[in-house]
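Each structure below appears as structure tokens.
Across the two complexes that follow, subunit A remains constant while its partner is subunit B and subsequently subunit C.
Moving on to the complex of A and B:
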């Protein structure tokens, strides 16, 4: 359903009152589930995701004997979207996200330290309001850190869009950071995930049509957003570490 | 299901050493495609794409159906992929990850970018529409299925002719090809995919063969049309690559897409010439073809 975003050019404010380079509020907690080896709860605006990590546990190594397998399960709650819809496991969009998360962490975690074992990442989407894949990747990073699985660096993700629609060729189009659902339906956007706030892109997914010239701006804004997200996630981890130290749970 | 056999350690070492010396096993340049061969079948809507040893056959069919209630004006357009054991023994059994990702990539490149004008398929709103179905069969798998399949589907869609139709009140009549000339589908643009493979963080290869695909650390598929619009980018995990390299990939993709579009254009023209029987002048002939 097309939504009127033409008011953007008047005040340079988006529908929810943000400027072009502002993230939504990101809050996260880790160690939320006592039973799991690692767990996290992440909110990016109204997108809410729960992640638990179990493992590395015995069994696996079916793909490669010298490495741990990573298994990802993604459940999208029926009540998470605007209209109540059951999303099955066989859904292609879901299996694409699952294989993206799996392949991203397969090259970020030191899986070679755990031969013939499996790391389970289980993700639950409680509420969707845009940037879903980005939220899933961020939540998985936090839970894997909580589980103490050695990794190269944080994988942080964000989305970036462009205010021009694909057909128009206007020069005044601004790139936008961190889109919500209504913006995602209206504007071209991409999801980008980088390794540890560097310029190394490990995930780049775009599903909408856009002029090639606009890509550079969108990618730059997205990568910059990932750097901001890394700072936020790093704060969460350090805060949690301090609390654990203070309570003497170690 | 037999497991897909990867390259041996020796092969891997040899390949990576060769890459360091800027040589590919089949002596292509890093940014070069294998030879692309595009053929069309005797019937409309059948395309056969060969990129090196990879071979993909696509068949387009149309039938009259009732549209989905939430989209009364749109004709459904479905793409199905079948990776049979004929292409590789590891494809037997339930749909593999490769198959799901291939289907999804084609869907994103062709359907979400609005390549086919589905509203032009409408006959009676809410009652009758043409539904278009593209069946992609992989006959031989030697890497780079995505690019081959995408080229195949677009070429087949452009080649396809559906039966002409006539609507009288509530009745729909679809004419056979013998009764009336077929009608070409209305395509808004022709998106094509180019897949890049990454090695050791720096090296970027275009059109990887199967063994090169098995040894790659990451890949990125960019869907573009020749007007320079990016329709889809999919770098689904894998090793991290510098953002600047990805941007240069999109420039390279445009060059390849332009070249592939040209090949497609030429082959379609040749096929049209082959089918052209002389138009209206050829029809009223009193000569008996069976008598020499």
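Moving on to the complex of A and C:
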């Protein structure tokens, strides 16, 4: 999709009217599915993701007997993109995202508390418009919190890109926060996830080429975005907790 | 996901026998206290995904949840060979090729199951059968002689199926199809199709009329029977003792005005039976109970050979211990079940009325 990114420098507004450091609207719900142990629904702009967590349940511990296995299933619905496209489970991009999510939570959850058991994270992508991996990580965090599985802190993720392309030597290029599909197709971008509100980066994925000098700025913006996302997710969890207390479901 | 338990029944022969007796008493006593034609409560949401042509989500009270998204693409129709007469002019019958079954693609995804597992394949086959049965549906996808809409129906079951998911998936698909909209066609006849880019001007796949009755996509209902008692929307426990399980697909047609004059005014809907399938009840896989006469622990004598044991089972009095059902569905029973669905004031009418209650945005 051809996209004229040069218009950015004129008004410093992106195609959807945001400034460089603005997130899209993030809304989330937790405990959306009563039959699962934990579930969440997250929207980041037009990216919509559902996550359900089952477990920890018996079985597993095949890799390490002293800690729980984390199994991630990711299904991208055929109707999620602009064109209808079926993505199989063996798709390379899908399995890469699955292994990223799996290893992230393996190091964040206290899996040693559940030896010989399995935690299933099942993710459904209903609609995609950029920052997919970030949305999946955020939704998984919420569902795992809903399931009551102890973890070190929130894993929150966001994406960051750089406005000028690889070839142009424009040093004053602004980094952008939270990219949508058309921006992702046009610009170099990275996905970053941090632990809690800290600067500890737990995921950093970048598949495009960018000048090394730009990386620092992008990373700084991404980490800053993660902090904003954490505040939003924390509000969601607290709001849900208040509701549960009020309704006396405990 | 934990291995799917939906197909296994973890009930003892004594529990099965208890369920069977309570369901075969008249009126049947169902484990959740419903009447025989009562459905479980559900929550429906429509138009949840703006990126699709139509979408719906339904949550059943037992926690199972499904999402259906409908997406349409314009596709070039396959060139057809026409019979040519001596002058070399093609004679194309007006009606021919107005709808082909390949214009619809339906796939069902169930967590923890592969795409080629028997359950999703069977469910997809049953639902597309109902959709394509009368050939009316594919006609709606016709644009002109050279182009048609290709419709993709993606059905996602989000949770583990706790009972047979067919009614859930079918109801969700029904709502999604009811909301499916296409952009309005601006071009004429056999031109390359050009569409109005104003989404507010789009047209429904199933156009609504101001009167109550209009064409509706099919709904597939699950009906089961135990000992002559017919029950709707069976739960997992009830299915585990079912003798006959039937999937009945019903469609509704709008009623022409002159038809109204002729038909007596009592009937409010023109329901049509589209497809019926028997489903192998899972109760066949259960273990039979051991009657006292065959149990050494209770003073009986166990049969020494397996032939003898099965011979004794055959002659055993009905209703003493649990026995998996044998034989197929009786014809009069199937007829009674279909009758119960279709009759005036029957379940199908009630379901359609219930679906009318869903806010279609």
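Keep in mind that, in the parts below, the second predicted complex is superposed on the first by the 250 of 250 C-alpha atoms of A that agree within 3 Å, B and C clash if a C-alpha of one lies under 4 Å from a C-alpha of the other, contacts with A are read in each partner's own complex, and residues count from 1 in each chain.
Assume a contact is a pair of C-beta atoms (placed from the backbone, for glycine too) under 8 Å apart; a residue touches a chain by one contact, two chains touch by 3 or more.
All of these numbers come straight from a predicted model, not from anything done at the bench.
Because the two structures share subunit A, they can be overlaid on it, and in that overlay subunit B and subunit C fit beside each other without clashing. Once the two complexes are laid over each other on the shared chain, residue contacts for A:102 go to subunit B alone; subunit C is not touched. Judged by the touch definition given at the top, the superposed model places A:127 against subunit C, while subunit B stays out of reach. In the superposed pair of complexes, A:50 makes contact with subunit C only, with no contact to subunit B.
By the document's definition of touching, of the two partners only subunit B reaches A:211; subunit C does not. Of the two partner chains, neither subunit B nor subunit C is touched by A:112. Of the two partner chains placed around the shared chain by superposition, subunit C is the only one that A:33 touches, whereas subunit B remains out of contact. In the superposition on chain A, contact of A:79 is made with subunit C only, not with subunit B.
With the two structures overlaid on their shared chain A, subunit B and subunit C come no closer than 16 Å at the level of C-alpha atoms.
Every residue of subunit A that touches subunit C in the complex is listed here, in rising order: 33-36, 46, 48, 50, 52, 54-55, 57, 59, 73, 75, 77-84, 86, 88-89, 118, 120, 122, 124, 126-127.
Residues 92-93, 95-96, 99-107, 166, 190, 194-195, 198-213, 215-216, 219-220, 223 of subunit A are the ones touching subunit B in the complex. The touching residues of subunit C, counted against subunit A in their complex, run 1-2, 48-52, 55, 59, 62-65, 67, 69-71, 73, 107, 109, 111-112, 114-115, 152, 154, 156, 158-160, 162. Interface residues of subunit B facing subunit A in the complex, by the touch rule stated above, are 97, 100-101, 103-104, 107-108, 112-114, 217-218, 220, 224, 228-244, 246-247, 250-251, 254.
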